[in-house]
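Note that the chains take the letters A, B, C, D, E and F in the order they are written out, and that residue 1 is the start of every chain.
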Amino acid sequence: MTDNRHKIEQVPPRSDWRDPAVEFRKGTYCHSAGAKYVEALGLPNPRDWNPADADWKLPSDWKEIILNGMAERLERFRSFKLFMDVCVRCGACADKCHYYLGSNDPKNMPMVRAELIRSVYRRYFTPAGRVFGSLAGGRELTEEVIKEWFYYFYQCSECRRCSVFCPFGIDTAEITMIGRELLNLLGCNINWITKPAADCFRVGNHLGIQPHAFKDSLEFAADELEEVTGIRVDIPIGKKGAEVLFVMPSADFFATPHYYTLLGYMSLFHEIGLDFTYSAYASEGGNFGLFTSHEMMKRLNAKIYDEARRLGVKWILGGECGHMWRVLHQYMETMNGPADFLEAPVSPVTGTRFENARSTSMVHICEFTADLLYHDKITLDPKRNDKWSVTYHDSCNPARGMGLLEEPRYVLKRACNNFHEMPENTIREQTFCCGSGSGLGTDENLEMRLRGGFPRANAVRHVREKHGVNLLSCICAIDKATMPTLLEYWVPGVEVAGVHELLGNALVMTGEKERTTNLRGEPLQAAVPETSPAEVVHG
Amino acid sequence: MAALVAVPLLASAAGVGKGILLVGIPYAAFAIFLGGLCWRVVGWARSPVPFRIPTTCGQQTSLPWIKSAPLDNPSTGLGAVGRMALEVLLFRSLFRNNRAEIYDQRYVFGDSKWLWLGALAFHWSLLVILLRHLRLFVQPVPAFVLFMGKVDSFFQIGAPALYLSNVVVLCALAYLLLRRLWDLRLRYISQFSDYFALLLLLGTALTGVLMRYGTRVDVVAVKRLAIGLATFQPVVPDGVGIVFLIHLLMVSALAAYFPFSKLVHMGGVFLSPTRNLANNSRMKRHVNPWNYPVKTHTYAEWEEEFRDKLLMAEIPLDEAKHD
Amino acid sequence: MLDKALKGSGRYWGWIAFLLALIAVGFTCYLRQLAYGLGITGLSRDVSWGIYIAQFTFFVGVAASAVMVVLPYYLHNVQQFARITILGELLAVAAVTMCMLFIFVDMGQPARVLNVLLYPTPHSMMFWDMISLTGYLLLNGVIAWVMLSAEQKGRPAPSWIKPVIILSIPWAISIHTVTAFLYNGLPGRPLWFTAILAPRFLASAFASGPALLILLCLALRRLTSFDAGQEAIRRLGVIVAYAMTVNVFFLFLELFTALYSGMPDHAEPFEYLFFGLDGKNGLVPVMWLSVVLALASLLALLVPRFRRNERVLALASLAVFLSLWLEKGMGLIVAGFVPSPLRAVTSYAPTAPEWGIVAGVWGIGALLLTIFYKITVSLREAN
Amino acid sequence: MKLTRKDFLRVLAGSAVAVGAGTLVHAVGSANDRESAEAKNGKKRWGMAIDLQKCREEKGCDLCSRACHRSHNVPRLPDPAHEVKWLWNEPNGKVFPFQQNDYTRHALGETVPVLCNHCTNPACVRVCPTQATWKRGDGVVMMDYHRCIGCRYCMAACPYGSRSFNYVDPRPHLGAPNPDFPPRTAGVVEKCNFCEERLADGKQPACVEACPRNAMVFGDLNDGNSPIRQLLSGRYAVQRQPELGCGPSIFYLV
Amino acid sequence: MGDRPLIYGGLCLFVALVTFPVWKGVAAQSSTKGPEVKAVVDKKQCVAPRAYMREAHMELLVAWRDGKVRRQERHYTARDGTVYNVSLTGTCLTQCHGSKEKFCDSCHEYAGVSAPNCWGCHTSPPAEPAKMAAAAAGEMR
Amino acid sequence: MRTEDAILERWFARAVEAYPGETVRFLTAERDQFRNPVGHVLRENLAVLLRELLGGMEPSRTKPALEAIIRVRAVQELTATQAVEFVFALRSVVGELAPEHDALSLGRKVDQLALMAFDEYVRCREKMYEIRLNESRRALSVPAAMARMGS
C-alpha cells in the first residue's frame, strides 16, 4: 500500500465520459467468438482474437466499415436515427438499469451507454458535430472507442427497462443491437452468442443436438413423465397435417429446470388431446440472431415458418421463452411472413379464436393455457404445489416487448395455493432483468452477471423474507438457466421453475396414477419444514 | 466638408446595423428554425420503421376476458394516439419515474416525480408564454390570447400585473439547471449543449421578465417591429432598448440553434417508434420496406445433411424429397 | 405514489366523476360570483359573513382530526392509532385546503388576495390565521408525504420527522386559538366576545374531526381492504364522547351567562338563535336540530354499551358531525351579526349559487381526500 | 404604565405568545392624555359635533346625507341588503340603545345622522390584514380601495355599522355621477372619508356645508380655540358606545 | 413508410401554426404604422418625457395613486417645474388626452394590454349609466 | 467532525479505491443513497464494523456487516487482496487520525477481522465456483441424465 492512495480523498479525478479507455478485467467480459463459428455463419472478418489483447486485429479499413455501417443503419432504422438525435440527458433512465445499480459504473447508465455511439454519430453525421466537434458532443472514432463499445454493448442485456421510463421512449436495446451489428461487421463477436447461433443455423438448435438425439431426449422425457403419472404420452415429430406445430426453446429438452416445464407441456397436450407435432428442423424457438444482427435473426427465424408450411399445420404454438417471443411477436411475420399458409389460431378445445395472433398465427403457451383454464377445460389440483411458495418473475421480453403479464399469473394463481408478488416496482413492465439476457449468460461473465442480477435478487429476497417464497417461476429459458445461479449466490433457498412445470404438477390427468412426486421426482410435500424467513442469511 | 459626408454615412451605417440586428437576424434565425426543423423531421421520416417495436408498458390485448391496458399498451391506432397524447401532453413516461434506494441491504423504490413536475411546469408555461406573445404579432389581437393573458395575470401583483407563467418558467428553469449542477450523476452526463440550451432559455426568460417589470419597453414599438417582421414589411422603430435587443438576439439564437441540438426532441417525441405504434404485431401484418432475402439453411439442405440420423430415429422425411 | 390514484375500480371512477361534476358546478357558480360580485350571495350589509366563513370555521375544527390521533400516538404511545395517524393527517390536509378555499371564495377581490403577503400586517388576526393555516397545511403535508414515502419503500420514516410531528400538535391548537381570536377581539360583537370561544372551538374540533375520522374509517373498511382496527375506532369514539360532552357543557355555560344575566347585548344573539328575534327565526330550527342531535349523540356515546356497537357509534358520529356543522358551520358566525350594531335583525340564507360554491369546495376537499386515501390504501395493499 | 391596545397587540404579535398569560392588562389610553400630547405637536385631529337639537327641529331632513352621497358617488341600490351608506339617518333608539330609558327615547327626537366615527382607536384598522384601511395623522380613518381585498373583516369589527361593502358593481347605480370623485369597484369596502378630498382644498365636509341650519360643526379637536371645542365645552355631548373604547370623533350634542 | 403522409401532414400543420402571424397578418393586410393616437389636446408637454411615458406610464400612475391615497401627495411637480394636480381623470384625461377611448385604448388595444382594472373606477366620463344599469339588471339574481 | 467520523470517511475512501477510476468518483463524492446504492451499503456497513472494532467485536453484528461488504466485493472486479485490504487500511487510518488510540488492541482486532474477511471472501469465491459448476451441470443435465440411464 503506497501513500499516494491518500489522494483519493481529495477531489475525485475529473475525468470525462468521453475518455474511452476500458480495462478488460476477468469476469466482466465475454470471450470472443471463435473463427470457425464466425465462418460457419458467413459473417465478416473471422479470426481468433482476445478482447484483453492490445491488438484486436481489426481490418485495415475498419473505420470506413463502421461509418458506412452506421450510415446504412441510419437510413434503415428510424429508431436508430431518432434515438441518436432526441436524447436530452434528463437522467430519468440512470438508475433504471440493473447493471448500473449493480456496478455503479457510470458508463452503464443507459444514456451514457448510448452516448458512446451517439458521440460518434454527432461527430460524423451531424453538421453541428462536424463543425464544432467535441463542443457539440462529438467524439473521434478510434480503436479505443471500438473496444469501449464492445465492453459496454455486451454489458447491456437489452431488457428495455430504461425505455419504459424515457420520456421519448429511447430504447437502449435498439442502440445496443445496432452497436453489436456494427461490431459484428468488424468480426468482433462473442462466442456464447455466435456458437449457438452457428449450431442453430446448421443443426436446428443452440446446442447442436442432432435429430436422433432430439428424439431420444423427448422419449426420455416421456419415460420420466410416465414414471410420475403412469401415463405414456405421444412424441409426434415432423407429423404432417397436424393441427399445431409446437416450438420451444431448445433448453427445454436439454437443461434443468427447463426440462420439467417440457414435462408440463407434454402432460397438458396429452390431457387435452391436442393434435400437434414437434419439429427436429425447427427445434429451437430461441433466436440468438436477436443478439447479433437483424439479418441473423431473420436467417435463424425462417425455419419456423418454413417448417409450418412444410408440415401443413394450421397454426403454431410457442413455449416459454423470453427473447424467442420478442422475435416471434415483434419481428417474425415482418421478416419472414406473410403467414398466409396458416390460419388464424383457434383453440381446438375451447373454440377460442386468438384474435391477437390472427396474422402471425402463433400463440404463446400461456395464452393458450389461460384460455383452457378460463373455460374450465382442465382440472387442477393446486395442493400438489403446496411445497412451493411461489413468486413470478416477469421476463423482460414478454413484459416489455409484448405485454404478456396477466396470462401467466392467471395460470399460476390457478395452479398454486401460495402465490406472492414481488415489490411492484420490480414486476410487470418494471421488471428487473436476470442480468444475463441478450447472450451474456456465459460462464466467464459470471461476476458481471451476479452484479447485474443484484436488483432482481434483492426483490426475491424481499418476498423470501416476507412470505417465505421458495420458488421463482418464470417463462424464459435464459431466466431458467441463470436465475438459479443468481439466487444461489444472493438468496440461497429459492429455486426456479417454469410456469408450465407448476401447471404440470397440478394437472389432474385422466387415468393417471396416484402421484407421489412432482415432475422433479421430489415428494409432493416438503420433507423438512421450511426454513423460517429469519434464518435466511443476509447477503 | 468631411463632416458633411461622414455624418449621414455614419447614421446610415448605424441604421443598417440596427436593421440587421432587428430584422436580418430574426429572419435568418426563423428561416433556419423552420427549414432546419423540417429537414430534421423529413430526415427521420425518410428512415423507415422496419419493425414494430413498441415498448409495452401494460397488459397486451389478448384474450377478451383479460383486462388490457389500452393506453400503456395500445393495440389500435386510436390507442396509440391516446398514448402519444399522454406522452406529449402529460409526460406519461416521466411520471413513472422512481428512485432506487438501498435500505436494509436491499433496493427499495420511492417516488421521484420532481423531474416530471419540473419538466411539465417548464414546457407548459413556455407554451403559454409563446402563445401570449401572439399579441405582439397579430393585429387585432385574437380573443384567446387576450383571455390567456387575463387568466395568467389573475393575481394583481404590481403594474403591469405579474404573469404567473413567468414565475413558473423561471422557477422550473432554475430547477432544471440546478439539478444538473447539483446532482453529481447529472453533472457527469451533462454536456455543453445541455447548459447552453438552458442558459439561452433562462436568458431569454430573464430579459423578457426584465422588460416587463424592470427596465420597461415601448410595447407599441415592439409590436410594430413584430408585425413588420410577420408581414414581410420590416420597419425599424425607435424606442426598443438594449434589453429588448438582447431578448430578440437570444430568441434568434435559440431558434437557429434549435434544429441542430437536442431541442429537436420537440418533433422527435412524436416519431418515437417505441411509443407511437400500436402493439398489434401479431394481429396485423407489418411490412419492412427494405426486407431482403437472406441465406437460410433450408429444410431440403438440412434433411440432406441429417438424412441418416433422421432415418435412424424414424423421423418422417419430406415425401416430396423422398425417393 | 400519485399513480395509485389513477388506477381504480369503476365505482372509484364513478365517485371521482361525481366529485368532478360537483366541482364543475361550484366552479361555474364561482365564475358567476367573480363576474357579478358577492351580491350573488345572501349576504348583506348587516350580515356580511355567511356560510363561506362559517364553513371555514367548521373545517378548521375538522382539521383537528390529525392532532387527536397524533397526540395519543406520539405522546402517549397509543399503539392502536399507528395505522390511522396518516388518515388523520391527510384529513387535516384536505380540511385545511378547504378552509383556504372558503376564505378565497369569500373575498370581494380575490385577485388581490396576495396583498396579505405583500403588506404583512401583524396586528390583524387574519394575518396570523393565514400563517397558522399555511403552516399547518405544510406541516401535515410534509408529514403525510414522508410517512407515505416511507411506507411505499417499506422502511421506517426518517428520524427528523418526529420533531415535526410533535410540532404539529401545538400548531393544531394554534389554528383553533387563532381562528377563535379572529372573532374574539371584536368590540360590538357580543356573541363572540367570550373568553371561552377558543376552548369551545377546541372542544368542538376534537369532537367533529375524530367523528368524521370514525365515519371515514368505517367507510374504508366497507369499501376497501383497509381496516383501521376495532380498538382504534373505539378509542376515537371515547375521544369524541368526551370532547362532545365538553362542547355541550361549554355551550351551556355560554347560554347560562348570557341568558341568566339578561344583558341584552349578550342575550339577544342567543335569543335570535334559539327563539327568534324581531319575528326573524330562520336559524331556530337549525339550532334546535343541532341541540337534539348533540343530546342524542351524547346519549349514544356516553353509555359504553351503545358506544361499543359500531352501528350506533357510526350514527352517533354522524350526529356529532351534523350537530356541530349546524352549530358552527351556520349558527355561530351568522348570529354574531344579529342584531347589528344599529339594532337591526337581518335574516340570512345562502342562495343557490352560494350553495353551489360551497358544494364545489366540498367536492374539492372530498376529491383530495379520496385521492389521498386511495394512495394510502393502495400502498398498504401493495405491501 | 399604561398599555394602549396597539401596544398590547404589538407585544402579542411580535412574540406570538400563547394565549392566557394571566397578567395582561387591557386598558385604553384616555383621550385626554393623547390630546395633550398631540396638541403640543400641533397635530390636528378632525372631529365633528352634531347638534341634535337642530336636527330634531328639521324633521325628515336628509340634506347632509344626500350631499354626501352625491359628492362621493355613493350608489343607490335597489336591494337594501346591498346598500352602501356613508352618512344616513337612524332612529335615535338604535343609535343610542342603552343611553336612554323608555321615557326619554321619544323626547330626544326621531332620527340621528350617523357616519363613520373616525375613532381614535379604530377596530377596523386593527383587523385589516392589508392596511387597506388606516388612520391618518389627522384622525381621518382612510380606505385604500386599491388595496382592499374585500374580506369584510373591518365590517365585522366596526361596532357602529359604518362600513358598506360593494356587493355589486356600483357604477350602473350612480344616478348623476360626480366626475371629480371616482366610484368604487365591486368587491371592496367603503365608508365616510370625512371628505378628506375637500379638507385638502381647505374646504369643510360636504355634509357640513349642506346643512342649512349649521347643525354639524367640523373642526380640529386638538385646537382648544376651534369652534367645535367651544361648542363641546359649552354643551353636553355624547358619543356612540364610548364603553367600547374606540374613542369616536363624532359628538352628538343633546 | 406508410406513416410518411401522416408525418408530413403533421409537419405542415406545425409550420402553419408557427407561421400563424404571417398568414394572418398578410390576410388582414396588417400595417406596421401602429395605432393612431387621437385627441391630444393642445398641450405639447406631458408630465414626463414622452419616451418615458410610453414605456412606464403605469409606474407613474401607480406612484401617483399611492402617493395621493396614502400620503396625501396631491400635487406633482414635473421636471420643468410645472405643478400638476395628481389625478388620472381630472388631469390627464380631462386636460390633455381627451378620454380613455380616444387616448388610452388605442395603444392598449393595439398591444393587447389589459389595464389592471384602472378603468373599473377611473373613466372619463364614467361609462353610460343607462347602458350599465340595463346590463346589471340582466345579471340580477 | 468527530474523530470517529473522520476515520470512517478516510476508511471509506481507502475501501473504494480498489474500484476502477470512474466508479471511485461516484462512490466517493455522491453521498445520496438514492444515487449511490453500492457506496451506501459500503458506508453503512463500514460504520458498523468501526463501531464494533472500537467496541466489543460482537460477532452477531460484525459478521453480517462484513458479509454484506465482502459478498458484493467478491463479484466486483477485484482481486482477493483488493477485496479485503480495506480491513488492514483501518490500522493506518487510525494511526494517522487518532495516534493516541491503543494501537495494540486495535491491531489485534483488525487482524481478527481481516482473517474473517478472508474467510468470507474465500467462502464467496467458493460459492461462485460451486454455482458455476452447478450452472454448467444444469445446462446439460438432460443428456447427462440420459447417459446415466443408458438410453
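We adopt the following convention: contacts are C-beta pairs under 8 Å (C-beta built on N, C-alpha and C of every residue); 3 or more make two chains touch, one makes a residue touch a chain.
From a predicted model like this one, the values you see are computed outputs, not experimental measurements.
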item: More contacts between chains, C-D or D-E; value: C-D
item: Most centrally placed chain, judged by C-alpha centres; value: B
item: Inter-chain centre distance, subunit A versus subunit F - centres from mean C-alpha coordinates, in Å; value: 31
item: Whole-Å gap separating subunit A and subunit D, where each centre is the average of the chain's CA atoms; value: 86
item: For subunit B paired with subunit C, centre-to-centre distance based on mean C-alpha positions, whole Å; value: 45
item: Residues of subunit A touching at least two other chains; value: 17, 95, 101, 106, 216, 423, 462, 538-539
item: Numbers and ranges of subunit E residues touching at least 2 other chains; value: 117
item: For subunit F, residues contacting two or more additional chains; value: 25-26, 29, 34-35, 37-38, 68
item: Parts of subunit C lying in touch with subunit B, wherever the complex brings them together; value: 1-3, 111-114, 118, 149, 152-155
item: Subunit A residues within the subunit F interface of the complex; value: 1, 5, 8-9, 12-13, 15, 17, 23, 25, 27-28, 95, 101-107, 207, 209, 213, 216-217, 219-221, 223, 251, 253-257, 259, 443, 446-447, 450-451, 454, 481-482, 484-485, 488-490, 537-539
item: Subunit D-touching residues of subunit C, taken from the complex the two chains share; value: 36-39, 41-46, 48-49, 103, 106-110, 112-113, 115-116, 118-119, 121-128, 130, 177, 181-183, 185-189, 198, 264, 336-337, 340-344, 346
item: Subunit A residues within the subunit B interface of the complex; value: 17, 42, 74-82, 85-92, 94-96, 101, 106, 109, 111-112, 115, 126-128, 135-137, 160, 163-171, 174, 201-204, 210-212, 214-216, 237-240, 280-281, 294-295, 298-299, 302-303, 306-307, 310, 329-331, 333-335, 337-338, 352, 354-360, 362, 367, 370-371, 374, 399-407, 410, 423, 425-426, 428-430, 455, 458-459, 461-462, 538-539
item: Contact footprint of subunit B on subunit E as seen in their complex; value: 1, 3-4, 7-8, 10-11, 14-15, 18-22, 24-26, 28, 30-35, 51, 54-56, 58-59, 61-62, 107, 109-114, 116-117
